[in-house]
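Next come two complexes, and both contain subunit A; in the first it sits with subunit B, in the second with subunit C.
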Partner chain A sequence: MTDEQNLKRLEAIFSEQLNIAVPARDTDLIGEGYLDSVMFVDLLLVLEQEFGITIPLEQLEFDNFQTINKIADFVESQAVGLE
Partner chain B sequence: MSIEYTNLSLERLDDVKGLMLPIWERRWGEDFARAFFRWRFFERPLWDAALAYDGTCLVAFLDSFIRRCRVGTQIIPIRQTADWFCHPDYRPVVGIKIMRMMMDKPEPMLVVGGNKNTQNVLPRLRWHSLPDVPRFVLPTGSGVMFKGLSRLLRIPTSAFPSALGRLPSFRVFGGRRGAAPNGTGSVFRLRDSESLPEIAPPPDSCALGAVLDREEVDWLNKAPDAMGDFVWLVFSIDGSPMGLSLSRVYEEKPFRTAKLLHLQATDPSAAAYDWMIKETAAFLAECGAQWITAQFGDPLVLQALEKTGYRKKRDDQKAFWWNHGQKPPNGPYHLTWVCGDESVMPFPD
Partner chain C sequence: MRILLVAEESAGMRCLKELVKAEHQIVGVVASPDRGTAKAPSVWRTAQAMGLRRWPVENVRRDTFTPTMAAEDLDVILNVHSLYVIHESVLACARLGAFNLHPGPLPRYAGLNAPSWAIYNGEKTHSVTLHKMAAGIDTGAIVFETPFDIAEEDTGLTVMTKCIKLGIPLIGRLLETLDRDPTSLPLAPQDLSHRRYFGREVPRNGRLCWARPAERIIRFVRASDYYPFASPWGHPTARLNGRDIGIVKAGLTGRAAEGPPGTVTSSDPDGVTIACVDEAISVRAIRLEAEVVAAAEVFQVGQRLHDG
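Showing the complex of A and B:
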């Protein structure tokens, strides 16, 4: 799957599954308050289900979840690890 | 942003104090605060606390007590979390991460209560919900009317004149206490852990319930004076110890009040609990308590509480269980206020 496909899929996850309208792919999801604790845990669950990845404890870092762009990079890196 | 995760140690005590005191809304003097934090965090029997630092700044904290519990046929350590806090600038990632770190530890985990956020997050972290744990109150003095009034008017009880603190307690149950089941009963107040007899609930008496031990007696007996008195009553029938009640008598200015924290018995029955609850209530009323609160999830205890005159409150507590994806044990849950830091709440003003 290309980066663009992942990005579109993530945008759909935010708008359709998490009901969060994110203005742009580089919007700071945490700093601007789009993700609270409940939504963040929901996001982790959805990422694991939708992308077939497991998010290890050591990867729970700000940098991996700050923007849709960064989440896409993170999902990509985890998916590569599965191959 | 580079976050360092570590465990609580004595040299980090001041950091925890600086973080938690504003959250607890306490303005204690330095000496008392240090003594309290040392006792609360470092002198208890088994514990573990996770901290997250951004540089030298403590930004998140999660505490846990590890207590022996009866789980079906076994007595095993259960981790009970408390004081889960993350600075707003570091939510949600750091706060969730320290909980996930705790969940990776080997012991099963239990939470009773917690705020709305905790109640919303834990099921999403795949914790199992247990049956709600009801709360009760037994009026034992006319001070309870002022307590009700304070809630109605949304003012603290401390707004009432201090002279009300001298109101006598009722002579509960008209001076007639409950009878011990099947024999001659006796009760003594335990002063030190050396005199604690073996009073463990039998196998399969409950799916889950704390088993108090000498270490817990020693810790609570070392509590700062401002915490009030922890009252341990040992119940015997025909000279054989069969039950234990733990309560706390403390000030809710200007009144004295009490919490019935825990009951455990070698042969749990509604009759045994009925006797223990009545004796304990009478003792606490004699200590000047104007009302006694209780929190129990065990159907046998609920039956005895209601028979004794305890009234159910409206604030049932949520309970959650985590054991690495395994389902919770089946059966009655003997959940009490001996869970996390509930036995030592509220803290002194």
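Showing the complex of A and C:
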């Protein structure tokens, strides 16, 4: 899946599954309060289900979830790890 | 099955979504109307967006809510991370029972903040428990339990997340079993002589003591770590120059302490080394007033932090 496809998929996840209206792909999701602890955990579980990846919780780096762009990079890196 | 969901927090949100996905009949949702923010939705607002009936969570404490629930012909009440004690007459409205998802093993970790207490106490394993609700908090018979390991790097946040990830499928299993054959549901009574109940208290009132072994200090830091989100325990606090300093991120170094407990013995961009009574720890991030900053930006070699 291309970067652009992943980005569009993530945007849809945020708006349709998480009910979070993120203004832009580079919006600071945690810093600007779009992701609180409730939605962050929900996001992790949705990412695992939607992309078929396992997110190792012990090595959680929050930088990877700071923006939709960074989440797309992270998801791509996890998917490559599976190949 | 007709289900009443009493729910808050991540687990409650996830449970709500999984119930909707599985096309269960959700009679309504009981939650706090004032949780969440304008940007990050709550269980209440999510249920509202789904077109589900909602009742404010305070209702469940009162028997005045019972007639409302009795009229709903409920099969099951599910309680997921809601902190209100449901009145026993409300519990009795569910034909097949009321069930609670608890983020900890029972009876040893009943009450609040079980993931944090488990890390603080040095547990190597933890579990998420689904139990039938009875009079008393977290006292009912255990239906299902999923154990997992607590890793050295685990924090309060990651253990709680594991509880949610492993706990939500237990609810699915519960509903499948009740649908197929309610009499086959396992119900293992708890041995309440082993019960430990944890309330809202924070270990040592959140104050850090440098005279304690390094491993105990690090466990306290990890147990309190929900960063970048708010921690139910705040962060273990020390004092420097009259100010409270919260220790947010720290780890063991494996090296012997090289000064009196609380002394900053070295500093580099990754963090500062602070002596404990036995070993040195590396402190990477601290909370100073409202902000989390790199420890190396604040501490200087030779400074001595005092107990909180």
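Everything that follows uses one rule, which is that the second predicted complex is superposed on the first by the 81 of 83 C-alpha atoms of A that agree within 3 Å, B and C clash if a C-alpha of one lies under 4 Å from a C-alpha of the other, contacts with A are read in each partner's own complex, and residues count from 1 in each chain.
Keep in mind that, in the parts below, a contact is a pair of C-beta atoms (placed from the backbone, for glycine too) under 8 Å apart; a residue touches a chain by one contact, two chains touch by 3 or more.
If you're wondering where the values come from, they're calculated on a predicted model, not measured in any experiment.
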| item | value |
| --- | --- |
| Partner chain in contact with A:L57 - subunit B first, subunit C second, else both or neither | both |
| Chain touching more of subunit A, residue-wise (subunit B, subunit C) | C |
| Subunit B versus subunit C as contact partner of A:D42, first or second or both or neither | both |
| First, second, both or neither for A:I30, with subunit B first and subunit C second | both |
| Partner chain(s) touched by A:N19 [first = subunit B, second = subunit C, both, neither] | second |
| Contact residues common to both interfaces of subunit A (with subunit B and with subunit C) | 30, 35-42, 44-45, 57, 60, 62 |
| Footprint of subunit B on subunit A - complex, ascending | 30, 35-42, 44-45, 57, 60-63, 65 |
| Complex contact set, residues of subunit A against subunit C | 17-21, 30, 32-42, 44-45, 57-60, 62 |
| Residues of subunit C touching subunit A in the complex | 9-11, 13-14, 17, 35-37, 39-43, 45-46, 49, 151, 153-154, 157-158, 160-162, 164-165, 168, 226-230 |
| Residue ranges of subunit B touching subunit A (in the complex, touch as defined) | 1, 3, 91-97, 100-101, 104, 117, 120-121, 124-125 |
